[in-house]
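One chain, subunit A, appears in both complexes that follow, with subunit B as partner in the first and subunit C in the second.
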Partner chain A sequence: MIFKYLFYLLIFPGFLFVSVFGMIVGWVDRKVSARVQFRVGPPFFQNFYDIFKLWGKEVILVKNSPYFIFVIAPIIAFASVLITSTLVGTAFFFNLGIGGDLIFIIYLMIIYSVALILGASSTGNIYSSIGAGREMKLLLSDELAFILVILVPIIHAGYKIDLIQILDYQQVNGMIIGSASGIIAFIVGIICLQAKMAMVPFDIPEAETEIIEGTLIEYSGPLLAFWKLSHFMMYVFMPLLLVILFWGGISFASIGSIIAGVLKYLLIVVIMILIKNTNPRVRIDTAIIFFWKYASPLALIAVILAILGA
Partner chain B sequence: MSLYNKIIKKSIWVFHASASPCNNCDIEILDLITPGYDIERFGIKLVGSVRHADVLLVTGIVSHKVAPRIKQLYEQAPKPVFVVGIGTCTIGGATFKQSYNRAGAPLDKIIPVNAFIPGCPPKPEAMIDGIVKLLGTLK
Partner chain C sequence: MRELELYFGPQHLGMVGNFSITLKVEGDRIINATANPGYLHRGFEKLMEYRTWMQNFPLVCRINVVEPDHMELIYSMGVEKLANIEVPERGKFIRSIYCELARVGSHLFGLWAYSNMLGFDTAANWAMYHRDLVLDLFEELTGARVYHIYIRPGGVRRDFPEGFEDKIVKTLHSIGGKVPDYNATFFENRLFEKRAKNVGKITREQAIKMGAVGHAIRATGMKYDIRKIEPYAAYDKVEWDVPTREGGDAYSRLLAIRDEMIESVHMIFKLIDKMPKKGDVFTKTPNPFKWRIPAGEAYVRCESSRGELGLYIVSDGGDKPYRVHFRTPSYSHGLTILEKALEGESIADVGNIMISLYVVAPEIDR
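Right after this comes the complex of A and B.
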């Protein structure tokens, strides 16, 4: 029993699978971005080299700063991402709930951001404090829309907050994306993921050219590798979560249905990469206005439609 | 050759430290990441924070004001780190040879330097060649 859970957590669909697959998707992201800009792009194993190299570099702690928070923050973030991806992965691949529902997943996703804020503000670096402040504002702006988006499948499934029950509902009654409320929530959901993953146009906390990687500026060596790896793992579980919530997951009944499941995932990833490459970075106030004025009300409309049964 | 050296060759993150140049070398460095040269295909990436750097690209004569800061930057970079001096300025001073405000001539009087790439400014091809040669010395 315990070995089974350890297998889920460490090998499939946990650490090993998600990190390797995440780095490959990260490479797809870099390669597609390069092709869009008429460049050649990095070789296939580039992200593996990067992470491996970071493990051999020196860790530098900042003098006069709370080391403990600085060191523990990336590990907490990594752990929360790992647990989320295990939960989402077991639901996706095995149709199996191993304890933990949507509320738990929402909490774990917030923990990642909170760890990022704590780690960044513990250094005392001015750019990293700006990054932490922006991350906090971004969290405040996208969280409401994201929770409203998640409410839509919950309401459709008859107020069930379990991933498995939502999947079961979709097996019987068709995909939630087929309904009017589902499609609105799905579109808002993709934009929320963009913000949660801090991808352009919402890479405001990391803004490389502006506040030089902001939140991560003081991290080096293995600690930076933890942050980068958590970010790669997000490439896997965030789109998978949307597929589970709105698109009925995957079924292993036939080759065709497996390919369909993979295509759903890839479609979301490609949409996110294209949004990333065709938009400039927005200012933080624009982002807040966008989420509170447009995205959240849209998600609220979807929730109301869902309650009315549309 | 150890495995680690083999890998670090394929993933070089460079930090661009400008130590009182005429700015021409800096512009040539930025050329490296444009579609024409695209050094990302060798895994070379320009990073913004010195804490992420594997190679420091230093340009310019190091003036008295910048010298302590360049030393500080070198100390802040996580080891192993390599330093490459870009442009004739870092070696002989180029146009600013006679300047009263030249702290270190050449750059390796101030921080240890692994390679110099001469030229005023060096062509992007020369810089790529220089960095590749530097990595060739890694055992």
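Right after this comes the complex of A and C.
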């Protein structure tokens, strides 16, 4: 029994699968961006080389800073991302889950941001603390919209907070994206993912040309590798989560349905890459205004529609 | 809220070059900005007093890395005025075409810097790619990609190669065909508008008072262009317009740059049409080692891609200049206007304002 869970956590769909697949998707992102920008782009193994290289580098600690928080923050973030991806992955591939896992997932995703804020503010670097402040503001602005988005499938599935029950509901009653509330929530959800993954136009906390990587400025070596790996893993589970919540997951009944499931995932990834490549970065105040004035009310409308049954 | 001092230094990724700004910030607001030039002080002006008239060419180029061509032009114009040299007609046209090409290349570089700063790598890399096409033209014409040393007192170093005009037209057409794409993804992007509008705003009075030139003053609605006011080379031979914008913010400056680029391309087409097909491209000058220019002083100015560029040059009758002084656009843009425009803005907009003003650090430290 315990070996089964360890297998889920460490091999499939946990650490090994998600990190390797995440790096591959990260390569797709870089390659597609490069082709859009008239560049050649990196070779296939570039992300693997980068992570491997970072493991061999030394960790430079900031003098007179709380080392403990600085070191523990990327590990906590990595652990939370790992557990989230295991939960999403088991629900997606094996139709397994624990009770109330959706709440757990929301909680773990906040833990990642909190760890980033803690790690960044422990260094005492001005740029780092500006980045931490921005991350905090971004978290406060996108979180409400994201939770409202997640509420929509919960309400559709009859107030069930389990991923499997949402999947089961969709098997019987059709995909949630087919309803009016579903499609609105799905679109807002993609934008929230963009902000959660700190991709352009919401790469505000780590804007290189403004605050030089901001939150990650003091990180180096294996600790930076943890952050980078966590980010690559997000490429996998974030779109998968949307597929589960709105698009009926994947079915292994026939080859066609497997391909359909993969295509759903790829479509979300491609939309995210396209948004990233066709927009400039916004300022943090614009992002807050956008999420509180447009995205959250839109998600709220979706929730109301869902309650009304649309 | 606590006041912090933020050093926006020369190693900063959003910095334009060897230049830094010390910012006093309160939260995200900038209270006070102090520009610190001097990281690249090589003493260009002093060094030029120790080199002969012709030897100075490799040096003037280095004053503006992005666009060395107008530096060559202004120095040649200064020497010509001192030595009373006339430039042949075809040489004048070639100079104009060459300088407009340089303007297009430089503006594309500016567009790269600006959109890169906004985290918008797509438009940035497009601009860099298209600038490379312009550099290919320069390479064919002069043998060098960045520092061409093509303009010389009396004209230009050599004539256009066979079929070069067609090549220019072809390259510019292929770049111009991408303008709708640039518009759709960048200039008409709502997020860019949101990001750049009302940022780094200067009024026309402030602009005049603080010595703004080039696109910075044209973005406030003033038709100020040396090519019109005091035509040199062949700029008075063709019809063209000075594009202006109202607003005086980063958004208007960027759009002014785009309009100027398009106007330059049209101007190149007209210049190529009107250019005399045959004739000398330079007037012969004496042996550079024995060339002595009669005593006197001259002030010349031209319109570089950053704005009005001036040169004060004095000769004491020797084989070297007695004194050389440049009036560079980045000096006023990078010191007075930047400091003023940064006040009250957010930290996120430092690069936004700086690059929209087009500051090139070596121009300040010449």
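As a convention for this text, the second predicted complex is superposed on the first by the 307 of 310 C-alpha atoms of A that agree within 3 Å, B and C clash if a C-alpha of one lies under 4 Å from a C-alpha of the other, contacts with A are read in each partner's own complex, and residues count from 1 in each chain.
Please note the rule applied: contacts are C-beta pairs under 8 Å (C-beta built on N, C-alpha and C of every residue); 3 or more make two chains touch, one makes a residue touch a chain.
What you see is a predicted model; the values in this text were computed from it and never measured.
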Looking at A:283, would you say it contacts subunit B, subunit C, both, or neither? Reply first, second, both or neither. second
Would you sort A:203 into first (subunit B), second (subunit C), both or neither based on which partner it touches? second
Touching A:95 in the superposition: subunit B (first), subunit C (second), both, neither? neither
Regarding the shared-chain residue A:173, is it in contact with subunit B (first), subunit C (second), both, or neither? neither
Touching A:65 in the superposition: subunit B (first), subunit C (second), both, neither? neither
Between subunit B and subunit C, whom does A:38 touch in the aligned arrangement: first, second, both, or neither? both
For A:212, decide between first (touching subunit B), second (touching subunit C), both and neither. both
Look at A:49 in the shared chain and tell me whether it touches subunit B only, subunit C only, both, or neither; answer first, second, both or neither. first
Can you list the residues of subunit A that meet both subunit B and subunit C? 37-39, 208-209, 212
Spell out the residues on subunit A that touch subunit B in their complex, using ranges where they run on. 30, 34, 37-43, 45-46, 49-50, 52-53, 56-60, 208-209, 212-213, 216-221, 224
So in the complex, which bits of subunit B are touching subunit A? 4, 7-8, 10-11, 13, 35, 38, 40-41, 43, 47-49, 51-52, 54, 76, 78-80
Please output the residues of subunit C touching subunit A within their complex, sorted ascending. 4, 6, 12-14, 28, 115-122, 124-126, 129, 185-186, 189, 191-192, 194-195, 346-351
Quick one: in the complex, what on subunit A touches subunit C? 33, 36-39, 126-127, 130, 133, 200-201, 203-204, 207-212, 277-286
